[in-house]
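By written order: A, B, C and D. Residues from 1 in each chain.
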Amino acid sequence: MSSIMTHAPALVIAFPLLAAFLVPVVSRLNKKILGIFVAVVLGFTLLITLLMAVRILSGNPLIYVFGGSEAGLTLPSGYTVPIRIIFHIDSMGIFMGLITAIVSFLGAIYSIAFMDKHSGLEKYYALLLLLATGMFGMEFTGDIFNFFVFLEIASIASVALIAFRSNLSGEPAEAGFKYMVVSSISALMVLFAVGLFYGQYDVLNMATIASVMKFTQLDKIALILLVTVLAMKAGSVPMHMWTPDAYSEAPASITMILVAASQASLYALFRIIFSLYNITLNTITIGWIIIILGLLSMFIGVTMAIIQKDIKRLMAYHAVSQTGYMLLGVGVGIAVLANPIALETFGIKAMEGGIFHIMNHAMYKGLLFLTAGALFYRTGTRNLNKMGGLGNNMIYTAIFFIIGAAAIAGIPPFNGFASKLIIYESVFQFNPLLSIIAMLVSILTLASFVKVFHSAFLGPKMEQYKDVKEVPKSMLFAMGALACIIVLFGLFPDLVVKYIVHPAVMALINQSSYTAVILGGM
Amino acid sequence: MIGNFPYLAVALLIGLGIYTLIYKRNLIKIAIGITLIENGVNLFLITLGYRKGAIAPIFTQAPEGLKMVLPTPQALTLTSIVIGVATTALILSVAMIIFKKYGTLDTDEVRRLKE
Amino acid sequence: MNIGLLETGSGNWNAIIWLIMFIIIGISAIWIRSHGEDQYKKNTDQTKPFLSGNREISKEDSHVGASHIYWGFTEALKRYYKPMVALHTGNINDYSGWIILVMAIIFIIVGVS
Amino acid sequence: MNEMSRIVRTITTLIYGFIMIYGFYIIVHGHLTPGGGFQGGAIVASAFALLVVTYGNQGSKKFLSEDIFSLIETTGLVLFIAFAFFGLGITFFYNFMANSGGLFGNSAVAGINAGDLNTGGTVTIMNMAVGLEVLAAFGVIILTMSAGSEIISKKKENS
């Protein structure tokens, strides 16, 4: 037990990786148990992540050194520098890790029934595990080059998964191609920024770079490259065009994980702004850039969503729009970062709202994509014009859809309302106009989900869907688990904010606590 | 001045790659554009580690007292090359599927997903 | 009553109290409704919708498809939607172009400030 | 792709063995010289590519099979991650075999020397694992792509 705890950060990466390599062997032995095997592995990963979360959220960041007992190397001159790859997990990292663990576990469970008609499942599951590995790595790593490697692992795995269903039609391949091009650009720009850091400071460890950061011209260039490409990977307007393509063409279980993957990029964006640069950068400029990206994402995302006819494209545009809320909340936090009074009065609250929204969004958007997948599983179409009256036959799916839609539209008592309320009220003190736009977007969100609910579930039974049955139990379980989380978070948002979100926000803001763990430990 | 030539080459390669990505309308050429950017970034990393008059950092062939070039950027470059190979292979396979299904490689026609 | 009480920056929010109020108000609404006058006769003309004297169309035909919902909204905002839809070309060149464009704009903003 | 002429076939039969041996040489000397698993694996895979180009898609099926490649790939990957797990006594990826005196356990000598193959610990084994993985993965890629190009060229002939 204690040895599991000591090696927990490595095991979270290592178990999915080992399982990914073992999947071909398992599939040769027995094709039926493949999905259960993957679900068990990811369930175990979820368990380890929960154990780590209990420890880290009480204020003990975890450091794990790969390949040696010490991170650092002391030169004969007495200069100490961390050279090994380390995992540095603080409250923010484990917050994202929890999202990844929950989402990938439920995605695997959902896949058992959802993908059973497809061939080549051993590749599907191996890639799913690799995607989970890449996301965990992005969130846990304390080494900026290692971050690039995991970013590429995650994007290559997700491209292959997006294009997985291209044996029937060409669209998944097209979406995969587009996603591959944009994610290659982003990864290469990240690598270029890594080169800029390494050229100046001769270290790759993020905490060490942060402690010697001087914000030279080269650092500015690196910051711009990183902010742009990571905002793009998170799907902010006007670089969001890959999002609807990729989200709509991937299998529903993968879309849910892709949402979490783009939030891992969002996490990296915040990590770089807060932990790497913090107040050395021009906080007001960068803050307003993030806020404006957020506003554009919110507004254009939701207005484009209203006119969509494809259910998953519509939800994908909502994912863009909800990303805007997170950017808005955290952007306000960045803008007042150098101003301790404003940070204390509303900056921290705004960031709590933004970060809490990440968690909420992963849960309800995951649930919505899963219900869209359930509709696709039974009807074989994603076109809303061809649906209707499905509420008669798929009552549980309809209920889960209502929960998800109410949460995303910010209807009390679900979790989306809690985080949106925090964002409205704290952003109002920064600039009332931003808050008003955010509320307007929320209304439009409700409007477009009323449209989906009306055209898919309401109305009389249609002739071609007369014999449609409820989806299998494993799919219902995944949806039900997410719905439970949404309701619980909605009823007790204070506990979540106090024990999970607030430590995460403080871990971001306190740069000195981030660097001290590495520099003090050497 | 002569020491800055590699950086000029880096800028040229990345610029050409970006030009290819934006203006070339063939999927294979876009793959080439990505490879160009990747090579530019790799050249940048390698150049960072170069020291004038230094030797290759091989443990068993290093005479005492001579400077070595930095091995870390070479390790980074190697990793990035490996990843780049995977990316290129994947992107070309996807382009192949697109050609099979659409019968064209023109970006203007490969856009059934829009709006 | 501290369980569920969330501070939201300039106020508080408690989902449990909201839920209790929702149930109380809902029950009283139902109670008030049940005291109303019972003149409603099922399966008569009273239950049928009044469509300016036209005959009611069958339920299958009356289902409004997804494309027709919010027709007025999109029609009124035509001047916004037309360029916005045209912007989403689905062409991969444009995708990369937008990234480079945004990067250039941020370069200028950060460089100037 | 069709079978190429007799000259090409003869030359290929002569040299593909040498290419493979060179690739394996690079793999096993990965801890001593520049190069290693990936580079060596790529060289071995280039021999496969040569075979596929020479004998055509159909002809090369006699001696290159995707099943065997994926088996080798899995073996390499599992070997790699297994040796990472064996280090868990200290930390993940710990090189427990280096300088232990056992297999690959000699300590490396500084200064100019020919290099001892029996050094490097788990690094040597992981190089081999990566080499196996890469040659098999490239083999799969080459086979899949050549099969795909066959379909495309057939389509062109028909239309």
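Annotations
Heads up, the rule we're going with is that contacts are C-beta pairs under 8 Å (C-beta built on N, C-alpha and C of every residue); 3 or more make two chains touch, one makes a residue touch a chain.
Just so it is clear, the structure is predicted and the values come from calculations on it, not from any experiment.
Summarising the inter-chain contacts, the pair of chains with the most C-beta pairs in contact is A-C. Chain A and chain C have Cα centroids lying 25 Å from one another. One finds 28 Å separating the Cα centroids of chain A and chain B.
Centres computed as Cα averages put chain A at a distance of 36 Å from chain D.
Chain geometry summary: the mean Cα position of chain B and that of chain C are 46 Å apart. Shown for chain C are the residues that touch two or more other chains, namely 85, 88, 90, 92, 96. Along chain B, residues 21, 27, 30, 97, 100, 110-113, 115 each make contact with two or more other chains. In chain A, 177-178, 181, 185, 245, 304, 307 are the positions where the chain touches two or more neighbouring chains simultaneously. The touch graph of the protein chains shown belongs to none of the named shapes. Inter-chain contacts occur between A-B, A-C, A-D, B-C, B-D. The part of chain B that touches chain A in the complex is made up of residues 14, 21, 27, 30, 34, 37-38, 41, 44-45, 48, 72-73, 76, 79-80, 83, 86-87, 90-91, 94-95, 97-98, 100-102, 110-113, 115. Touching chain B in their complex are the following residues of chain C: 85, 88-93, 96-97, 100.
Across the complex, chain A is touched by residues 3-11, 13, 15-16, 18-19, 22, 59-60, 63-67, 69-70, 73-74, 77, 80-81, 84-85, 87-88, 90, 92, 94-96, 98-99, 101-103, 106-107, 109-111, 113 of chain C. Considering their complex, residues 56, 58-64, 78, 82, 85, 89, 92-93, 96-97, 99-100, 103 of chain B touch chain D. Interface of chain A with chain C (complex): residues 177-178, 181-182, 185-186, 220-221, 223-225, 227-229, 232, 238-239, 241-242, 245, 282, 284-286, 289, 300, 303-304, 306-307, 309, 346, 349-350, 353, 383-385, 387-389, 412-413, 417-418, 421-422, 425-426, 428-429, 447, 451-452, 454-455, 458-460, 462, 490-494, 497.
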